[in-house]
Every structure is written in structure tokens, then in C-alpha cells.
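Next, two complexes with chain A in common: one pairs it with chain B, the other with chain C.
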Partner chain A sequence: MERENILEIKDLDVRLFTERGELPVIDRLNLTLRAGETLGIVGESGCGKSMLASAIMGLVARPGKVTGGEILFGRDEKQDLTKMSAKELRRIRGTGISMIFQEPMTSLNPLMSCGRQIVETIVAHEKIGRAEAKARAISIIRSVGIQRPEKVYGEVPAQLSGGMRQRIMIAMALVCNPELLICDEPTTALDVTVQAQILGLIRRLQKEKKTSVVFISHDMGVISQMADRVAVMYAGQLVEYAQAEAIFTRPLHPYTQGLQAAIPKMNEKKDSLESIPGNVPMLYELPKGCIFSPRCAYATDRCRSERPQIVEADGHRVRCFLYEQGGDAQRREMKATDTSETKIENKKKIGEEGEG
Partner chain B sequence: MSEAGKNQFEENEKSERETILQVKNLKKYYMVGRKGLFGEKEYVRSVDGVSFELHRGETLAIVGESGCGKSTTVKSLLRVVEPTDGEVILNRQDFLKLKGADLKKARRNIKMIFQDPYSSLNPRMTVRDIIGEPADIEHVYKTEEEREKLILDTMEMVGLNKDFADRYPHEFSGGQRQRIGIARAIILRPEIVVCDEPVSALDVSVQAKIINLLKELQAKMNISYIFISHDLGVVKHIADRVLVMYQGHVVEEGTRDEIFENPKNDYTKLLLASIPEIGKKMDFDQFERAFQAE
Partner chain C sequence: MVRYIIKRAFLAVGIIFSISLITFFILNVIPGDPVAAMLGEFADADKIAQVKAQMGLDAPLPVQYINWLTDLLHGNMGTSYFQKKPVVTLILQAFHYTAIMATAAYIVALILGLTAGILAAVYHDRPIDRILMSISAFGISAPSFWVAILLQIYVGLKFSVFPVSGVSSPVGYVLPSLALGTRYAASISRITRASMLEVMGQDFVKTAYAKGLYQRRIILIHIFQNALVPIITVIGTDIGALLTGSMITENVFNIPGIGKLLIDAIHRRDIPLVQGGVIYVAAICVLIYFIVDVLYAVINPNIRLTKGE
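After this line comes the complex of A and B, so read on.
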């Protein structure tokens, strides 16, 4: 049975209003998340992945603004988060949707004990006595794997290590049992062994509480461990969306392919790493056609003048002209004929202009 | 020659390479307080007896988690902080005992590339002056023309467009800024370059280019790198030999293949198991157990 959707993002537009004009930070984005699943969002800096998290939380601040589209949240009666009042959003945050951020130290109050910060969250949302709230806080601290919760309850964030702080953040985010948890690079500031602990913790709690998760990261390795489905973003646009396994075994979009090739792999030895020529474009100088075309080895004249729409191919949704007629077979054919020549030519051209 | 035989030959070749830097029993203790007013001093032993050798033209990686002492090790051997004890033999001299002009001269030979390309370049200097500054300090040129040629040649070596010499750091992307940092480090043609997390602040597509550049420069100039990184994927790609540090000590040392294919130390094993890799499901339970055991 198909699981129901908990989150549906439809044609979402977020723009930044700056001196250089209106910049599309998120450009007509469509995504869905099924209840209980993890949606991974991956992309390099400036691709709009964190802005997407802010948009879902209703936290887009000036000079940014949601200028179009809908973010529908909920199981049966879906509500549009973009149309909600500040008061309604406050009610949803914490009980409906929670978020954990990259740097636990800057998102926790340094002057207040960890326990009291968690109690604050509980009493903001529920009619509950102080003593009962404290008991709840201690129990959630224990459930994030901290062994002496009573002691940690009274400690301020500075007394804890980075991994412990992130555990407290997770405890605080989950204490009111939200349906949806947004993780924005939750382990980027942590050491690898601590990262592994925190990733394991998020997965365990997700299973226990049946939470749906949006997991944002620049690290394809981390995403591959966490996500059921993956969305790849580039300069504000969705370029590919598919089942996690499909993204990692058969990436279709040239950008997704490039990203994967650029990661040094543990199981292979190579003299030089593949890289993607050029740089991520600035939002105020986006190319006219496909936004990836200046860096793409397969780009044709059409790619440089016309913007591709998202098409279905082999179960992926992908924004690339290569897949207009369907999936792999078509791509192989194109590669075999004219594209291989264009590719070499393009590589030369980009190589000369390329700067990293 | 068979593939295996050839590898063996290359291995032997490498092991016979000349030792260019020798670090013996390096220690850096920071005093953190006293037991009572006249009591014993208390120290944090950031680096506690680290020894290793660096060979000409090789890359020695130092890996470990934050606080393990990897950065303090290189800072101490460069005397950015004065080490508490130990010897650093560079060109048959003890680098730690050098003073004044001798120290300055020795420092020409060992340079550093930093992690954050945004904060390690002076925003008020042009790229030309940033790259040329080490040459200015060391008076390695006689005329302005010589200076200009040296700077432009170096820019070319690191893949920077010469037309950008009059621009300022903020006009460049992260990857290009790191190229500027590399140019500044290699302009005096040092034998040793210490790279402290040189690609950690960069996006993957850019990171690949900088790693390729570092390898290219090494092949061209026979530079030896001490390469600090927490990213084991990058280390596996670039290193010839690896030191694994934990709490101020070297817990394991070996060639890249020894460390990655056949780690002996439990900590090295844990470190390797914690890398999230595409196509390999992690065993998360073991980390939860490790955390509970702490």
C-alpha cells in the first residue's frame, strides 16, 4: 500500500529582494514526502536547500519572501503553511514540525540549563504542570541515549560536548512528538565518529516515533545512509529526484553524476579526481537556458538557450533534455551518436574558461 | 613486470627516499591551572611524544578527530606555538633551536596552507601583493620585473588567470581563494608544505580540483606534504603514509594501504567504520555502544 503524503510542496517560489533585483533562491520546486519516510536533500552551497527548510518552517526572513506555490502539511486535512498566520505557525512548530540545526551551540540558549530549555518547549505547547514537564524532559533526555539525564538536565550547553549538545537539540525537537522533523546539516560540525552516533540516533528515534524526516546535507555519503528518496538541488532548482538507491546507482542528471564522481571513494584508487568544471552560478547571473549548461559536458545549443522542464525517466524525475524521450536507452543512443563529440568539444571549451 | 611486482618496486623506491624532516618526541603541554596557590601545575597534554619522519616528495597525512592534537602538532613543529619539548630535524639542524636569521632562512623551506580561504587572506591587499609578500620579505628578486615574473609564473602554476593579479580576495570564489593561498605558499619553492584541512571548507566539486592541483604541484616540484584532514576519503586519495592520532598520541602509523586495508588499532578501525559511504550500509549500533561505554 502506498503511504500517504505528509508534506506536499507545490510550485514553491522563494525570492530574495536585493539591490541586484529579485533573485530566485527556490524556483518552482515540487516535492513530496511520504509519512514515516526520509527525504534527503543534497546540493552544494547556495543551492537553496537551507532556504527550503526555512520555507517549510515559515521562517523565511527579509530580504527573502515566499512568492508563490504551496506547502501542504498534514495527513488527512492538509494545511498550507505558506498561508498561515504567525500564531498558527507557532502552534505547528514543535508539535507538528520541528527542526534541528547545524550548530547546536548557537541554537541553544547558553545561559539556561538544558533541562529548562526542554521544559520551555513543553509548556509552550501543552497545558502541563511544571513537575510533570520536568519528568517528561528527563525521560526524553534519557531516550536520546544520555545516561545520567538528571545531571545533564541541570547543565548549561557549554558544559557539554558537541555531540551531547546535538543530542539535547534532538531531544528538544522531539519532545512534543512532531510528525515532521527537519534536519539541516545536523552533523556537519561534528567529528565522524560522533556523526555516526547522531545519524544512528536520528534513525532509531524516527523508527520508534514514526516521524517523517527531511534531511538536508551537502554530503552524499551521509544522505545515502539516511534517505529513502533523494532530491538533488542546483542553484535553486530541483534537478533530479528519485529513490535513494536509484540516485546513487544510476544518477541521470549530469550534475548528479558529476557530484558523485567528485567524491573521493574509499574503494578505488585513482590518480586524479573527476571535477565539475566552472563554478556554481550566482543567482544574479543565472544562465539563460539550462542553469547547469555552462558546466555540462553534454550541453548543446538548445541547452544554452532553452530551460528544460522536469521529465520522468526510469522512475527518476530529472530536469534535462537528454531524457525527454524517456530513460536510459535514449541516453545511451544519444551518447553514442552526437553527444560524445559535443562532450569532448565542450570539455575543451569549459577547460579553457573553467576556474575553480 | 607484473602489476604486483611493479607496485612492490615502487614501494621499495619510496621507502628508500631521503628523509627530509624528522620529528622526535614532540610535546606541547598547555598549563591550565594549579592545585592550590603553591600546588603542582596542571597541564593539558595536547601533543604528548609524537615522532615521525617525512620523506622527500611524499604525502604524510595526519588524521584524527578534533582535539586529538593534529593541528597542535604541526603548529608546534612550525613553531607557530613553541613546543614544550622535542626535536625537529630539518636540513640537519634542530629547527626548534634556531634563532633570528637562521630561523627565518629555515622557514623559507616549510610553508603552510590554511583551512579557511575566507579568513586567511588579507582583504585589503591585491592578489599580486598577497602572493608576492613572502618574496618581498625574503628579498628573492632584484628588480620589479623579476618580482612580477615570479608572481605571474606562480599564478600560472596554480591555475589562476594572470589578469586577476590586481583584484582583491573578495572577488574570488572559495576554490580560487584557496589557489591564492597555495600560490603564496609555493612562491619561494619550499620543500615542505603543511596543509591544514585545505579542502574542508570547499564544496565537493571544487574540492576535487584543489586536490588534483596539490597532486600536480607535488609531481612537478617534488614537494613533501604534511596533510591534516578529518576526511578519510580525501586522505586515502592523496596520502602515501598515514599517522592516526588520538588524545595527543600517535596510535597507528603505516602506509596508506596498511591503514585502510588492514588497520590494527581499535580506534583506527572505529574511525574507518564511521565514514558514511555510498552503497555500504553502516552498522549504527556499534557507535551507540561506543557512546554508552564512554
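After this line comes the complex of A and C, so read on.
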């Protein structure tokens, strides 16, 4: 059975107004998310993932601005988030759409107890008594897997570890039962064991509360654990969009293939890790043709002079001339290219927190 | 928290003690004989020596210091050479006037300064911000005695709404408070704006917006509270300066406050009064910094956690 869409992004344009001129941070992006599903958004740093999250939340701040397109949100009567007044947006944030951020160390107010930060979210949206709000805060703290929630309720963020703080963030985001949860690199700042716990927690709560999730990450491994569908972004453009399984088993776009090849595999022994040569281009010096062409092993003269449009191929939507006629025939395996520029993403380890 | 406060308190007492030591010796080694000054230019050497002995000024300096310190601990700062009244009484009298003026001035400063600072931060880089910050740059650069004189001329004399001199009635405080208050308002507004702008860029502010809180709550609770530490530091320094006497403004408006008392004492080499005055100034400053330190810990639980138990 086809599930209804909860989020439809149509031709979304977000620009940064800088001294170097208008920069397209997000360029005519089209995406949909079905209710209850998880949409993974993957790409290197600087590809516009976080700006997309801000755009959905209505939090694009100067010098950025949503300059075109629609973000339709809701089940039956969809509302365009880009056209909403500040007042309407405030009402939707927290109750309709919530967000978890990358840095649990800095995303909570350092001066306010965790409990109060959750309570103020409830109070901002509901007419509710103090005692009742507190009881609800404690129960949601318990539900994110924190022992002794009454104690943590009164503690300030500095007394908690990174993983605990991210749990509090999740509790805070979900306390008003939003329909959509945006997770912007929620585990990037955490160490690997904590990362697995937090991902498990998000999945469990999503199932319990039937929340739809937009999950943003640069980490293909994490995306593969979370997403039903995956959108691959590159320098502000959507380059490939398909079912998660299809993305991981049969990536079409050369960039997706590169990302896929960069995941280290347990059963292969190699001296160096795979990487895609080069860097994401700066927004003020985007190539004239395909934005990926400078790093693409298959780039032709046409790729360097003309922008490819999104085409349907093999159940994927992909922005590449290779698939213009559709079908599987022209799919090629991307050969491992120059690996001299190997970069290993350093995961920040969260140190021990100071004891009280 | 308790340990933090006790530690700060010990530090404060230590500072006052050192200051007392330094002032005592400095005042006693600077040239100029107070007894000679007191007795007038025709007093002979015998007379001077006799008076010195009476006052205990012929004893060695360390002994004098111990005596003076013992008296101080009993709440006795000696007697003014010229006014012939206990120094403590004189300081308390003057403190009365200074305290009223300081309070009035600082209420003006806080209301104007915080409002302007918060508005300028919220409307950062827009016309309101630019106008308010130009006014405050002017307020900081304009000397308060000049503002005081302008107020006397234009508000006091032209419209004769408020008295321009003396504080025989409470309305006498209006002009001095305005003259002092606007200057402090300017510095409060600048630090408030700068500090709030810094906090506004932090992640948790984005979280607060993402939670759907009312903007007023985000500004006044989340941003302002986190911006408070530098603001309180400035407020503490300001109040210290105000309570230790605004010499020029007190002179312009002829208010018998601490500033005027000390200036007069220095001119007459009234050593007990100067010593008492310096101890008073030091005590006020140390007390205010102590309060500020405690407030840091009250506002910011993280200070409490790391520096405390």
C-alpha cells in the first residue's frame, strides 16, 4: 500500500547573499518523504544538507534566504512552510516538526536544567499545569533510556556526557509528538558505541511514535542503518534519489559510487582507504557543466559544458548523462581511482565529563 | 557552592588587609607634616613635638600601624584632624548622600542601558542598532561633568524644573543622577549588545527556536541569561566606582558625598580621614567583587560545579 506523503519539497532554491554574489546553496531540489518512513540525506560537508534542514524548519538565517520553491508539510491539507508567518512557524516547530542537532555539547542551554528545557517546550505549545508538565518531562526522559530520570531532570548539561545530552535532545524533540523529526548528523560528534545506541534509540522511538524522519549524515554506513530512501546531495544539488537498498547495492551516479566505495569493508584488506579525488567545489566557482565533472572518472566534453537534468533510470532518479536513455545498459562499475589523497574522517571522541 | 563563597571571602579579607598596610605606610612616608599643617605656620618645634606625643605619632611606624589596625577592628578609624569628628561618622554621613545618588543614577543606567543593548542586539545591523550605538558612543565619550553642566544650564536654569545645586530636597538628586546615569547607561548598552550577539550565534539558541519557543522567551531567558556574566562584571565595576564617590559630579552639584569628603581630606593632609577613606573605598570594591563572584556562581551552575566542591 502506498503511504501518503508527509513532506514534499518542490523546486526548492536557497541562496546565500554574500559579497561574492548570490550563491546557490540549494539548487532546485525535489524530494518527498512518506509518512512513517526515513529519508536519508547524504553528502560531503558543504553540500547543503544542513541548509536543507534549516529550510524545512524555517530557520534559514541571513545572509541565507529561501528564494523559490515550496516545502509542503502535513497529511491531508498540506501547508507551504516557506510561505508561513513567523507566528505559524513557531506553532509548527516542536509540535509538527522537531530537530536534533549535531553537537550535543553546545545544543543545550548550559545554564538551564535539562528538565526545565523540556518543560518549556511543552509549555510553549500546550495549556498544561506545572506538575503535569514536569511529570511528562520525567516520563520522556525515562523513555529515552536514561536511568534515574528524576535526578537528570534537575541537572544542567555540563553534568551529563555527550551521549546523555543527545538523549535529552531527542527527548526534547519528541516530547510534543511531532510528525516529522529532522536529525542533522545526530551521531557525528559521538563515539562509535554511543552512536549505535543513539541510532537504535531513534529507530525505536520512530516506530513507537510513528514519526517520519529526515536523517542527514555524511556517513554512508549510518545512512544504510537508518534510511528507507536515500537522497544524495552534491554542492547543493540532488544527484541521486532511490530506495536505500538500491542506492547501496546498485549506485548509479558516479558520485554515489564513489561514496559507496569509500565505506571501509571488514572482509577486504587494503593498504589505504578509497576516496574520491578532489573536493566539493566552492559555491562561487561551480563548474559550468555537471558540478561533479571535475572529480568524475567518466566525464566527457559534454559533461564539462552542459548541466545534466534528473532522469529516471532503473528506479533511481539520477542526475547524469550516462543514464539519459534509461535502463541498465550503460551502467558502469567505477574503477578505483587515485587513492593518494586518502582522507580519513576523524571522529571526534567525547572525553569524560567533569564530575559534579 | 559554600566552599566557593568561603574561599572568595578569605581572599576579600586578605586584600583589604594588604591595602590597609600599603596605604598606612605610603601616607606616613610622603613628605609633609600633618601636625605642622594642623597647627599652622607659626607653631614652634616644641609645640609640634608635644602634640605628636599626645596623638601617639612619635611611636615607631609599625607600632602606630598595629595601634591603628586594632582601632580599625574595633570600628574606630580615629578622629579627623580638621573636622574634629570621628572618621567613621564623617564617612557614614557622606555615604548617605553618595548612596542615594548612586542608586538613583544606576537605576537610570540599568533601565536605559539594558533596554538599548537588548534592542540593538535583536535588531543587529539595522537602523535601530546603528542609532542606539551612535548615541551610546556619544554617551561614553561625553565627560559626565560636561553633561552635568549642560543639564544645569538647559534643564535646571532655563526651565527651572530641578535645583542645580545641593540636595536639601530629594529632587536635588534628579540632575546628578541623570548626568551620571546616562554615562553608565552607554557602557551597559554596549556590553549588553556585544555579549548578546555572541550568545545569539550559539547552537542552543537555534535549538530554542527549533523547539518553537516564543521569541520573547528566547531573547530574555536563553540569550540574556547566558550573556549576563560579562554584563554583571561591568555593572559591578560601575557600582564600585559610583559608591566610592563621583568626585567631579559631586563637586559640580555641590553634594557632600564621599568624593567631596576625600578630596577635601587630601588637600588638608587629614591623614586619619584619608586612611579611613581609602579603607572604605577598598572595602566597597572588594565587597562588590565578592558579590559579583557569588552572582557568577548563582547564574552559572558550571562555575559552581568546577570551582566549588
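The working rule: the second predicted complex is superposed on the first by the 325 of 356 C-alpha atoms of A that agree within 3 Å, B and C clash if a C-alpha of one lies under 4 Å from a C-alpha of the other, contacts with A are read in each partner's own complex, and residues count from 1 in each chain.
Keep in mind that, in the parts below, a residue touches a chain if its C-beta (ideal position, glycine included) is under 8 Å from a C-beta of that chain, and two chains touch if they have at least 3 such contacts.
No experiment lies behind these values; they were computed from the predicted model shown.
Once the two complexes are laid over each other on the shared chain, residue contacts for A:Asp314 go to neither chain B nor chain C. Contacts of A:Glu22 after superposition: neither chain B nor chain C is touched. When both complexes are overlaid on chain A, the residue A:Glu306 reaches neither chain B nor chain C.
By the touch criterion defined above, A:Leu273 reaches chain B but does not reach chain C.
By the document's definition of touching, neither partner reaches A:Glu126: not chain B, not chain C.
In the superposition on chain A, contact is made by A:Ala262 with chain B only, not with chain C. Annotation for chain A, partner touching more residues between chain B and chain C: B.
In the superposition on chain A, A:Asp191 makes contact with chain B only, while chain C stays out of contact range.
Comparing the two complexes, residues 356 of chain A contact chain B in one case and chain C in the other.
Of all residues in chain C, those touching chain A in their complex are 202-204, 206-215, 217, 221-222, 225-226, 299-302, 305-306.
Every residue of chain B that touches chain A in the complex is listed here, in rising order: 65-66, 159, 161, 173, 175-176, 179, 203-212, 215, 230-234, 236-237, 260, 270-271, 273-279, 281-282, 284-285, 287-288, 290-292. Contacts from chain A toward chain B in the complex involve residues 44-45, 145, 147, 163, 191-197, 199-201, 203-204, 218-222, 224-225, 248-249, 258-260, 262-267, 270-276, 279-280, 355-356.
Taken in their complex, chain A has these residues touching chain C: 57, 59, 86, 90-95, 98-99, 101, 103, 106-112, 120-121, 124-125, 156, 158-159, 169, 172-173, 354, 356.
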